[in-house]
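For reference, the structure I am asking about is given below.
To keep things simple, chains are lettered A, B, C and D as they appear, and every chain counts its residues starting from 1.
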Amino acid sequence: MAATRKDSVVILIHCKDRKGIVARVSGFIHDFGGNILDSDHHTDEETNDFLMRMEFATEGLQIPPDEISAAFAPIAKVFEMRYEVHHSSHRTRVGMLVSKQDHCLADLLQRHRRDELHIDIPVIISNHDTCAEWAHLFKIPFVILPVTKETKPQQEQQVVSTLKSHRAELVVMARYMQILSADFLAQIGCPVINIHHSFLPAFIGANPYRQAYERGVKIIGATAHYATQDLDEGPIIEQDVIRVGHRDTVDDLVRKGRDLEEIVLARAVRRHIEHRVLVYGKKTVVFD
Amino acid sequence: MAATRKDSVVILIHCKDRKGIVARVSGFIHDFGGNILDSDHHTDEETNDFLMRMEFATEGLQIPPDEISAAFAPIAKVFEMRYEVHHSSHRTRVGMLVSKQDHCLADLLQRHRRDELHIDIPVIISNHDTCAEWAHLFKIPFVILPVTKETKPQQEQQVVSTLKSHRAELVVMARYMQILSADFLAQIGCPVINIHHSFLPAFIGANPYRQAYERGVKIIGATAHYATQDLDEGPIIEQDVIRVGHRDTVDDLVRKGRDLEEIVLARAVRRHIEHRVLVYGKKTVVFD
Amino acid sequence: MAATRKDSVVILIHCKDRKGIVARVSGFIHDFGGNILDSDHHTDEETNDFLMRMEFATEGLQIPPDEISAAFAPIAKVFEMRYEVHHSSHRTRVGMLVSKQDHCLADLLQRHRRDELHIDIPVIISNHDTCAEWAHLFKIPFVILPVTKETKPQQEQQVVSTLKSHRAELVVMARYMQILSADFLAQIGCPVINIHHSFLPAFIGANPYRQAYERGVKIIGATAHYATQDLDEGPIIEQDVIRVGHRDTVDDLVRKGRDLEEIVLARAVRRHIEHRVLVYGKKTVVFD
Amino acid sequence: MAATRKDSVVILIHCKDRKGIVARVSGFIHDFGGNILDSDHHTDEETNDFLMRMEFATEGLQIPPDEISAAFAPIAKVFEMRYEVHHSSHRTRVGMLVSKQDHCLADLLQRHRRDELHIDIPVIISNHDTCAEWAHLFKIPFVILPVTKETKPQQEQQVVSTLKSHRAELVVMARYMQILSADFLAQIGCPVINIHHSFLPAFIGANPYRQAYERGVKIIGATAHYATQDLDEGPIIEQDVIRVGHRDTVDDLVRKGRDLEEIVLARAVRRHIEHRVLVYGKKTVVFD
């Protein structure tokens, strides 16, 4: 997966397949003097869905990047497209949700610091104070919003309004350990990425490492997916696995799993913020 | 995993953990002039199970290999051990069950021919004639025992008696696609290894590749396990996985899965016939 | 990697990057009523090379597939493109070279038989008779051309003329164990894929598994590449690896390596015959 | 790889293979009332080397742990053994060497903080001040010892005396980027683990990621090994790999490599401090 190049525009498209889409979109870009740097598309033969990502240089472009989206609207209308236009100069604003475990948060913050991820992190929200030190070290506002069964609706409202006030464009659950309600997801209005500590759909639910240990599996995994109402049923962005053996205790599985969780979540976030992921139905297309 | 050396004896032991087991067993071997080539053991701290594999050279051994088992009985009694003694010169007799798909069978037969697996294959049983050519090529008796829902009990009886008459010590379901009844498993009296075309416990049941496709997973797997009454719940011997992407159709998953199934089944059979696998509870210990 | 769809045309393009290539090529396809099924391209920023693969349906195409190449020539001229046009209905004619070891050959033949690879195998050439049985089983002409140091030039001439008389469009060295001369490669006039039993560029030369064993590596690999004059320096198509440990002898490495060699070679052949590989400089682009 | 249990003793043994070693050593442990928790051994058939790791509980042991080594000496003499005795309660003192890149250091420090590694880190030495913040955060003394070609011998002396004054028992080069002289290695008197950013023996020397990019490999790797006089020739402890493709620039390889380097180094350190690694000749035995 290449780094997104500087000074480029990405257009993501989803519609029903018809003849001439590639020609029409690439013609549109060419007409404005754009040079296509990368293009990839996929047609799902079963559903007839057409999904495309095109990235083109802004150098020499004879239209202000801000006006591309409007200029493209007539084409989108013809083909009944759902589309997004993103400028590479824009840093996605990522709101982080975290609970007591800090490894995924620390990993993302370090990737952020060495500018491996082209993001801003305006706020970290937690129901505990455990991760405060990381926020302090990286000089990011840290908001503690404790939650109990009783206060959950109100706490979620506070989380939503905090994220909104920081204009989050992506929410990352870096081991947040709380199930977000349908209400939350409806209100937040931006994608939410979760890391699940198992190779979904195996070991849904609580204590997946304990479940894996008891089943005696020889491989464990982690899964990054978009959060949806149906817990653990969200579209999968990335998965990876590692071997385990009979000498591994549940604690060893947890330890090995941490490494997996960090890497799988980081890859999913990277792909999302490079606009390489398109959701359709219960699945994703990931353009590497 | 090393090749089992020529002219050696393997002793497999399972008992509750107590002090002095390793010393007692290695002393027993030493007393008869045996040189230990390989030893490995595992103690499950949660259950206090002690599981051990010791392999020692027969060269210089001052007891006929056939008498080792009887000589060891008093020690086994003291520690209340379940144990097995195997001689490396013995080729495990493997009865093969197969249905229409031939890839796992063909793979095992080729490994057998280049003596990668130290086995004999006295018989191949199938409910179809599709794989007859392979049996013919490798000069192995091929028995067709068709099965319908109605004739299943009788057909299973025929399978059992055919396997018994060929003195099978291990049964390998190389994509047999039939569920063996509890009766069958009780009667057959030897281990049965099955290859399941998914990363258990994910996608239990029919059409796992179709299920995986519809869920949009990024990795698929295969699982070799001992067959038990509870379908897909048998102790897992080996698993492996491969990446898939949005461009992969169900047919692509099936194709990629075939490679996995072959390799995972071959590894499981190899480990079993090298006496590296011990079952306890719902799990296995695999001594590599 | 998706199965190439039925009734489609693939166009492969290599030129220096300029504005408008995607628009021009997709416009060409659209003008003839073609529906693009899959498109992928890559621009090497260091060298300014543009490399593209486009696949479009023949259904509804208003030009006979045979005339596409000629019709495309004027565009190719403008952009100074090197290009190829392939029809999915065509089965690539693959000439096999093999020596004593049969595993890669047997693997490819079985994939061929279940039509996993859309190829014809008009001839198998060997310097030994070891693999004759496989050729016989699959009813493929088998030509034995023994070779010694002294007779190598003449033998190579025979190999070339045998492959040419069978109109081979791809030559696969399925563990042929002979180094093809520059003369051979110049004369054969079609790509040659070799499988090297190491993770190139590690362990170039003879006995790579012995070298790996002595170095004490923890992972071994296999590499499929196009054969070039500089032995082991050809553009790499595919590589894969497997873990090894201190218990693995050289024989174990050889055994584990066989599985790798089969799979890596099969993937490389598959990608080549689906027209997913473009060579530029010493490297390949593989469009999955 | 299991976590080393609390309150146990590990004995590591290397000698030429003879009959009775396992019986003699396990008898020794049993005589003092020790319960063997884990035992593993390997005999190299080519060289006749015998290598063993035994771990036994201190609970109920009828000898003070400090006296085990002396009590074992007579047995060691009989079999001409090289041996080590380690108590699990002891935390290995690890001196860290680091240069400008902080990812491996930060990773090890975080594992240390959550007590994933049973170590103490008495000092971090660097030739630059880049990593000072990490040392500060984790409250570990940070010593800057700049080095130039001219001052290298003196600087190495300072590094040696700093490490010695902090009683380092293991030195970890967490991307130190300096070649340690034979003199340094002779004087330091404890093992030194280095992380090399390639899949050794491929791409020895400078800029391995650039070399890998130019060769067009499909997989890159990282290697943790003990430092020896011959650069990049030290005994390998652990290796791992990741896939790369034509879209990956050199920067992408560097980024993907960072994740590998962290994980491979952490695994090697973990195995070393759990006394699972034995060096013999140019290789290691790693008891998982």
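Keep in mind that, in the parts below, a contact is a pair of C-beta atoms (placed from the backbone, for glycine too) under 8 Å apart; a residue touches a chain by one contact, two chains touch by 3 or more.
Here the structure is a predicted model, which means the values were calculated and not measured.
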Comparing B-C against C-D, which pair counts more contacting C-beta pairs? C-D
Same interface as A-C shows up in which of A-D, B-D or A-B, over half of contact pairs matched? B-D
Based on the averaged CA atom positions, which chain is farthest from chain B? A
Inter-centroid spacing, chain C versus chain B (mean Cα positions, whole Å): 36
Quick check: how many Å separate the C-alpha centres of chain C and chain D? 42
Spell out, as numbers or ranges, the residues of chain C touching 2 or more other chains. 38, 42, 45, 245, 247, 249, 288
What residues on chain C touch chain D, complex-wise? 42, 44-45, 199-203, 214-219, 221, 235-241, 245-247, 249, 282-286, 288
Per the touch rule, the chain C residues reaching chain A in their complex are 5, 17-24, 26-27, 29-30, 33-43, 45, 60
Please give the residue numbers of chain B that touch chain C in the complex, ascending. 1-3, 38, 103, 106, 110, 114, 116, 137, 245, 247-249, 251-252, 255, 259, 263, 288
